[in-house]
C-alpha cells in the first residue's frame, strides 16, 4: 500500500509525462519491495516556480545565477 | 494540536462538503483522542485527476478499465 | 481514492484509538463524498512532542505557559 | 539537505513575500543546524481558504466568529 | 529540483532496498522530465503498520480479512 | 494559521535546536506575513539518513563521494 508523492515545479508537464511518472513509480515499488500495484497511490504536485526555493532563492532567480555563474 | 490533511481528486467538491469534512475530522479527533478543537487544523488538497495515479494508471484511465472490467 | 494524513503528538495513542481514527476518517470520506473505502488510505503520524511547536514554543513549554496562564 | 514546507492560506502573498520566506527559512536552517543552503529546499503551498479549517470551521467562518466574539 | 516522498509500511525494508528506491525514483525524474539528479531529493517514510489504514481497517486486520476472503 | 513542516536528517538535533527552529519559523511567518503565532504550527520530522537520498544516493554514500571529490 505505498503512497508516493512527487513534487515538481509547474512547467508544462504533459499528461503523457504524468502517466509515465505514475507508471514508473508504481513499477519501482512493485519491483523493489514486491508491493501490490492495486493499492499503490502516486500523487504529483505541481508547484508554481515562485513558490519553490533552493539555496535561499526562488527558482527563477536561482537559475539566473547558476546560468551566469 | 492535530493536523489533518485530506487529499482527494478535484471533482467539484462543494463548500458545504468541505465544511462537513472539516467539521467531521475535527470531531473525530475530539471524540477519539480528546483533542482541543481550537488547535486542530484540517487542510483539504484537491488534486487534478491526471495528477493522481492508482494501480500504475492515471485516475481517468484506471476508472475506464474498472468500468469495462 | 482519498488519502488522509493525521498528525498528532506521540503521547500513548493506543491501537484501539488508531483503529477508531482509521475507521472514522474513512467513514467520513464515504459519507460526505461518496468515496470507495477500498481505496481510502489513512496514515497516522505520531510526532515527538519536542518536535511539535505552537505559538513559537515546543508543545511542553506551550502547555506549561497555558496552564499557569 | 533540509526540506521546508510552508503552508498558508491563499490570500495575496506577493512574490517579494515568498522570496522573504524562502530566504528566511533557509537562513534559519543554516544558522541553527549549520545546513548547506545549496541543498535546502523551501516549498510554499497556498491553500484556498475554504479548504483550510480550524476549530471545526472553514477559515472564513472561523474568522467571522472570532471577530464577533 | 524534484522532491519525492515514498511512504511504505515499516516491515523490514533493507538499506539495499532503500538505495534501490532512491536510485530508481531519481532515475525516473531524470528520464521522464529531464531533471537534474543533483537537486533531486527522495525521502522514504516507514510507517508502523498499526498507523496505516485501508478500507477503514488497520493494515494487519485488513490483510487478515483479505486472506480469509 | 500557517503550518510549517521542517524535514531534516536525524543526526542529533538537540531540544534547544528544535526550540530555535520552532521559534525562528514562527517568527518568520509573523514578520513576513503578519500571521498570528497562536495558530502557527511547526513540525520537525527527523529522517533516518539511510531514508534520505540526494543525487540518486543515500545520504551517507552521497557525502562520501562529495568528500573524496
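All chains are identified by letter, namely A, B, C, D, E and F, in their written order; residue positions are counted from 1 within each chain.
To be clear about the criterion, contacts are C-beta pairs under 8 Å (C-beta built on N, C-alpha and C of every residue); 3 or more make two chains touch, one makes a residue touch a chain.
Owing to the predicted nature of the structure, the values given are computational and were not obtained by experimental measurement.
Participant: Chains in contact with subunit A and with subunit D: which ones?
Facilitator: B, E
Participant: Just to be sure I understand the contacts, which chains border both subunit E and subunit C?
Facilitator: Chains in contact with subunit C as well as subunit E: A, F.
Participant: At the place where copies subunit B and subunit C touch, is the share of residue numbers found on both sides over half (same) or under half (different)?
Facilitator: At the contact between subunit B and subunit C, which are copies of one sequence, the residues are largely the same (over half shared).
Participant: Determine the centre-to-centre distance between subunit E and subunit F, using the mean Cα coordinates as centres, and give it in whole Å.
Facilitator: That gives a centre separation of 21 Å.
Participant: Rounded to the nearest whole Å, what is the centre-to-centre distance of subunit B and subunit F, using the mean of the C-alpha atoms as each centre?
Facilitator: About 26 Å, centre to centre.
Participant: Two or more other chains in contact with one residue: find those residues in subunit C.
Facilitator: Within subunit C, the residues that touch at least two other chains are 1, 3, 7, 21, 25, 39, 41, 43, 52, 54.
Participant: Would you please name all pairs of chains that touch?
Facilitator: Chains touch in the following pairs: A-B, A-C, A-D, A-E, B-C, B-D, B-F, C-E, C-F, D-E, D-F, E-F.
Participant: Taking the complex as given, what residues does subunit A use to touch subunit E?
Facilitator: 1-9, 13, 17, 20-21, 24-25, 28-29, 31-33, 35, 39, 52, 54, 59
Participant: Using the touch definition up top, name the residues of subunit F that touch subunit B in the complex.
Facilitator: Going through subunit F, the ones touching subunit B are 1, 3, 39, 41, 43.
Participant: Would you tell me which residues of subunit F are touching subunit E in their complex?
Facilitator: It comes out as residues 7, 47, 50-58, 61.
Participant: In their complex, what parts of subunit B are in touch with subunit D?
Facilitator: Residues of subunit B touching subunit D: 15, 18-19, 21-23, 25-27, 37-46.
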